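Two complexes are shown next, each including subunit A; its partner changes from subunit B in the first to subunit C in the second.
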Partner chain A sequence: MTTPNKDTKAPAPAAAAKPKVAFFDFACCEGCQLQITNFGELLLDVLGAVDVVEFREAISEKWDGDYDVVFIEGSIGDHHAEERLKKIRARAKVLIAYGSCATTGGVNGMKNSFELDEIRQSVYGKDYKLFDSTPTKRVDQVVKVDYYINGCPVYIPELVEVLKHALRGLPYTVPDNPVCAECKLNENVCMYERGLACLGPWTKAGCNSWCVNNGNICYGCRGEVSNPAKNANDVISKYNLKPELIKAKFDMYNKCKEGAK
Partner chain B sequence: MSTEDTVNYHILMKGELDGFVKKLAKKMKVCAPVAKGHNNYAFEEVTSASEISMDYIPTILPPKKYFMPPREKMLDFDLSGGKPQDKAVLENEPLAVFAVHTCDLAGIQCLNMVFSERPRDYNYLLRKENIFIIGLECNKYCDGNASCALVGNHYPNGGYDLFFTDIGDKWVIHVNTQKGEELVENMGLAKTSSADMVALDKVREGKKHTFQNEIGVDPKALPGIFAKGVDSKVWHDVGAKCVSCGNCTNVCPTCYCFDMSDTINLDLKTGSRNRTWDSCQFETFATVAGGENFREERANRQRHRFYRKFKYPLDKFYRSFCTGCGRCTRTCMAKINLKDTLKALAAEHK
Partner chain C sequence: MATDNKDLDIKVEYVTRVEGHGNIVANVKNGKIEKCEFHVVETPRLFEGMLRGRSIFEAQHITSRICGICSCGHSLASVQAAEDALGVTPSEQTVKLRKLLLDYEFLDSHILHVYLLAAPDVLGVPSFIPLIASHNATVRQVLRLKKAVNDCCDILVGRHIHPITMIAGGWTKLPSKKQIDQQIAILEGMAADLGEVLKLAATLKFPDFHRKTEYVALVSDDAEYPLLNGDIGSTEGKRVSKKEYRASTNEFVDPRSSAKFTKWSGDSVFVGALARFNLNADKLHPEAKALAKALNFKPVCDNPFMNTVAQVVEIVHCYHHALDILKDLKKTGLDYSQAITVGVNEKGSVPVRAGDGVGSVEVPRGILHHNYVTDAAGMIKQANCIIPTNQNVNNIEHDFAKFLPEILTETKDQIRLKLEMLVRAYDPCISCSAHFLDVTFVE
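Take a look at the complex of A and B:
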C-alpha cells in the first residue's frame, strides 16, 4: 500500500474505506497520545492504514458516527467518566485500552491506598463533597476491553503491533514473561549488579526492556506477571536490599490491582 | 613433542595483538569480550586490541548469540495474491569470534549436534559456516562459580579454527582448520620454537593442579544420581527460590529453545515469521491449548533445566550439556547455585 500523503488535502474518497479510529483520554497525563504524535515517519504508514477521526491532542475534528477502533487512555475516577466511557464503548466495534492508567490503573491506583474521603479532602479541600470522585478503576472494570497495550508510556512498536492485530481481527496476548526475558536478550548489565533494585523480574515484558536499555530501572509500569514469585527473600538478601523499598516500588503502579471493589 | 605435532602451532607476541586484530577486522567483522562494568563482559564488535578484555569472566550472553541470534527472521510472506507466497530468509555476514573460552567452545559443539539433527536447522548451520572461531585458554579459574573441571571443559577439545594459549610474553596458537591455516599464513605468524612448546606443556601441566573437580562427585556418577533424583527435595528448595526470570536459560551456552511468531506489516498483506529465544522457566512455556500447564510449579521447571543439562543429553548425545561456565549461578538473582544443587542432590545418594 502506498502512503497517501496527499490525503491530507483531498476530501479523501479513498480514505472513506479505511477504518475509523478515535482516541479518548480519561484520568491520565496524555503522555500516551504524545507517544503517537512521536511516531515520526511511522505515522505516515499508520495514517495510510487508518482514518483518525478524533484525537484531542492533535486534531480538533469530532466524529458522530460509529468507530471501528477506539483507543482509551487513562483510568476511571468518577461517575461522569464511567458514563462517558460506556457511551464510547456503545459506538465502538473494537476497544483498545492503552497505557498503564487504562490497562492496570497505573499511578492513579495509588489513590486506592487511602480512604476515599480522606484523599478527596486532601485534594479538593473542605468543599470536597462538591467534587465527584470514586476509587480508581481500570478501563476493563467498567467496559469490555478487546486489546491491551500496557506501559507508561506505551511502547510504540507494541502499539503498532496491537493496531495491526486489531485491524486483522486477530487476538493479541500481552507477554506474560518478566521484563528480564527481554532485558537479558538485550545483554544489559543487570540493575541488581549495579546495586539497584529493579522490578523487571516481576513485571510483564513486551517493552523490550526499554527503560533498562536506556540506563534506568524497571518501575513495573506494565503490571505484574500473572503469577509473580511471592518470595523475594533470596533476592533481597543477595543484594542486601530493604524489603520496604521493594514493596514501595510495587505500590507505584500496582495499587489498582488490590483496590477498588 | 615431535616436529609433526608442532607443525600446526604458531606464535603471536603480546605486543602484536593490535596488529592481528586490525588485520582480521579488515577481512571480517570481529567480535570479542568487552568490559561492560560491574565485572560484566559481553561479546561485541571490536576494531582494535585496546577494546578487548583478554582477562575476562564469562560474558553475559555466550557466543551462541552469533549462531542463533536472540531474535531472528526466518521467512518473509506475502498474502496479496491468490495463493500466499513465502521466501526463506537468512541474515548473516562473515564474522570472527575472538577469545572464546573452552567452556563456550564446548557450548557451540553441543549446539552443533542439536541443530544438525534432522530436521536440520539450516539457518543455524549456514550461519555457522560463516563464523571463524578463535579460542582462548583459561590458565586459571574465572571465578568460583565455574565448574568446568567437573565436565572436562577446562582443556581445549576442538571446536575452533585457532586457539590461543598465554605462555607469558606471547600466545601459542593452535591451528585446527584449513581456514585457520590460511589466516595465520596470510598474517605471516611465526612457527613455535621447541621452547614455546615446552612452555605450553608447562601451562597444561600446571592446570592439572589449578583445576580440580569442583563438587567432589565423580562426573560418571551424575547420570545415576539424576536417575534416582526425580522426586528429590532439592527441586522444591530450588523452586522456592526461583523467581522465573529466565536468566539461567538465556545465558546458558547450550539452551536453544525458541518461540516462533508471525508479524504482519501495516499494509496488512506482507509480513515475516520470526523466532525468539524462549525459556522453560517461564510460566507460559509449557502451557498448552486449554490452559493446561504440564510444568506449572517452579520446582518442576528448575528440575527440568537441570535434567536438560545432566541427564537427557547424556542419554541422547552421550555428552553433558552443562559446560561448566557458571553463568546460571552468576546471573541468578535468587542465589540458585549450580554447584550447591549438584552437591545436595549427590549427598542424598551417598
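Take a look at the complex of A and C:
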C-alpha cells in the first residue's frame, strides 16, 4: 500500500512548547504502561497535551535532551538498572514512580524473602552468576521521587489525576486512609464476614476497592497506610487471625521496606 | 550486486515495539556472516523462585504479574495447573467463561500487535504516532476496538490487566444477565470498525521469506479450534499429553550463550498464531476461514512474517467465537450459586492434596506451560513456566541464519529494519521469557 509520508515528520512548531514526557521500564510486567494504551481515543487527547518522546513499548522514536516528566515503571533489581535510573533522574525535572513495582517493589519484592544467591541458583542453576541480580529496591530507595502512582496495575482515574497535577507543578497527596473506606461506600460485604483475611484495613485507598468489588480480597498492592498498626489490633483480635497469615499475605507486595535479607 | 566483500556491523539495542528488552547483533565480514543473534537483556525476575512457599491459591495472582500483555493467558495456564495439582475439575460453566476470557485476550493482544506495533513497519513509519496524522481514521478505529475489548474484560474479570475474578476453583463474580447483554452489545458494536481495519490488513505486504519449520500448538479430537484444552502436537506429526510437556520443549543450553532454548523433532520450533493456523485451520470459525481464503492464506505456510496475518485471521475467529459463547450463555442463563471466594483457602473450602499439576494453554504468542509441585498443605515447592517467546527465540535465530544472506545486497538500514521486522513478526514478549534467558550485555 502506498503511504503519504508528508505528515509523518516531527511535530509542528506549535507543539515544541508541549511538555516532554518519557516512559522507562525496569523489572516489571509493563502492564502499567499498557494501561495507557487502554485509554482508547482519550489517548489521542493526552497525546495532544504532551509530547511523548520515549516509550519503547509502543514507539521507536528516541530523545537525547532533558525530560519535563518521566514515568518510571518497575523495580530495581540489578546494578545496570540502578545506574540507568540515576542517569534518567539527572535528566528529568519531574520523576513519577509509576505502579506498584516502582512504589513498593511490587511482587518483585518477594525475591527479598530468600537468600539472594539461593533464589538465583534455584532458577538459573549452577550458572546463576552469569545473571546479575541484586535485592529488589523501590525507585525511591535509589533516587528522589516527586509523585507516586500506586497500584498493580495503576488505576486509570488516579493516573490522569496525578498527571494533571504533575504537568501543572501542583503537589499530589496519595490517600492515607485504608481501602475499607472506599469498600464500605461500594457496599461490599466485608471479606472478614465471609471468612477470609483481606488486606484492605491496612492498605492505602485510591483504587476504589477494585478487587473486593469483584469478589476477591485486597492483596495490598498499593502499600501500607502510614500507621497500619492502628487498625490491626481490632481486626486481628475480632476475627481471631494468626498474625503470620497476615504477614505472609503482606509479603507479596511489601517486602522491600524491610531491606535486603 | 556482489556481496563477497560486504562488511556489516548491526547492533539494535532495545528493539522497540516489542514487550520487554531484546537486542539484535549481526556481523558480516567479506560477505560471510560471523554472527546474527537475538539477545534478551531483561532483568531476571526469578518468578519460579519467588513462588516457592506461597499458597497454590496465590499462584494465579502472582504469575499474572509475569506480564501485563499476557496476564489473562498466564492466569488461565496457572489456574489449570493449580486445579490439576489439587485434583479439581472445573465446571462446564467455568470452562465456558474461561474460553470467553481467552477470546478477549486474543482480540486485545492481536489488535495491539497487528495495528499498533507491526503495521508501522509495513507503512514505513517508526510508530503509530505518525499514523495519527496519516491514517487518523484507522488509528481511531483501532483504539476504539481495543477499548471495546477492554470494556468487555472489565465486565468479565474486573480489568484486562491482572484479572480479578478468574481464580483456581472457579469465578469470584459471575456476569449478571445484564452484563452478558452489555458484552454482546459491545461486541456487536465493534463490527463496523472491525470491517474497516480488516480491509487495511488485506493490503499489508510482507517479505517473501520461507524456511521449513516445525510448528507446535495444542491439538484436539473435537471440532473446536483448541486454545484451552487438548494435547500438544506438531506439524511433524508428534503428539503428547500436557503432562508430558517437557517432551515437547526439550530445553537445552546453547554453547554460544547461556540462554535456554527449546526444540522438538528438529533444531527449533515455532509457536504462535501461525503454528495454530498450520495445525488447526480447518477448525476456525467459518468467517475466519472465509477471510483466510480471501487472503489466499493456506496451511502449511512457512513464512514467519505471515504470523501477523494468522493473527488477523484469529481476530475474526475469536470475535465470532466470543459472540457465540455469549449468545449461548444468554440462552441458557448462568448458575450464580457457582460463585466462590477462596482467599488462601483459610476456610478449607477446597480439598487440598500434595500434587504435581500442569496447565498448557494457547495464549496470543503461542503455547504456554505452567507446572507446580505442591505439598500436602497446598504450598508450592517447585514451579516451572515455559513461555512462548522462550520457545521462539531459537527459531528466530535459525530464521536469521537463512534470511540475512537473502537480503545481504540491501542497504544496512534496510537490513536492520527487516531483521527487526522479523523479530516483531513473532510478537515476542520478553518480560515473559526473562526468567531464564541470556542477559549478557553486548558491547
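Note that in this section the second predicted complex is superposed on the first by the 235 of 261 C-alpha atoms of A that agree within 3 Å, B and C clash if a C-alpha of one lies under 4 Å from a C-alpha of the other, contacts with A are read in each partner's own complex, and residues count from 1 in each chain.
Everything that follows uses one rule, which is that a contact is a pair of C-beta atoms (placed from the backbone, for glycine too) under 8 Å apart; a residue touches a chain by one contact, two chains touch by 3 or more.
All values derive from a computational prediction rather than experimental measurement.
With both complexes brought onto subunit A, simultaneous placement of subunit B and subunit C is permitted, the two fitting side by side without a clash.
Put simply, the three-chain overlay gives an angle of 110° at subunit A, taking C-alpha centres for subunit B and subunit C and rounding to the nearest 10. Touch criterion met: A:Arg194 reaches subunit B and subunit C at once. Look at A:Ser226: by the touch rule set out above, it reaches subunit B but stays clear of subunit C. For subunit A, the partner that touches more of its residues is C, with subunit B and subunit C as the two candidates.
Legend: residue contacts after superposition of the two complexes on their common chain; A:Lys164 is shown touching subunit B, with no touch to subunit C.
Contacts of A:Leu245 after superposition on the shared chain: subunit C is touched, whereas subunit B is not.
Note on the superposed arrangement: subunit B and subunit C approach each other to a least C-alpha distance of 11 Å.
Touched by subunit B in one complex and by subunit C in the other are residues 1, 194 of subunit A.
In the complex of the two chains, the subunit A residues touching subunit B come out as 1, 45-46, 48-49, 160-161, 164, 167-168, 175-178, 180-181, 184-185, 187-190, 192-194, 200-202, 225-229, 231-232, 234-235, 237-239.
Those residues of subunit C that touch subunit A in the shared complex are 14, 16-21, 42-46, 48-50, 52-54, 58, 61-62, 65-69, 71, 112, 116-117, 120, 122-130, 132-135, 139-140, 143-144, 146-147, 150, 157-162, 164-165, 167, 171-173, 200, 203-205, 258, 339, 341-344, 346-347, 431, 435-436, 439-441. Remark: subunit B residues 36-40, 42, 60-61, 65, 70-71, 240-247, 250-251, 263-269, 276-277, 279, 282-284, 298, 331, 333-335 touch subunit A in the complex. Taken together, the subunit A residues at the contact with subunit C in this complex read 1, 3-5, 7-9, 26-35, 37-41, 43-44, 47, 52, 56-61, 74, 77-78, 80-81, 106-108, 110-111, 113-114, 119-120, 122-124, 127, 130-133, 152-153, 191, 194-198, 210-211, 213-217, 219, 245, 248-249, 252.
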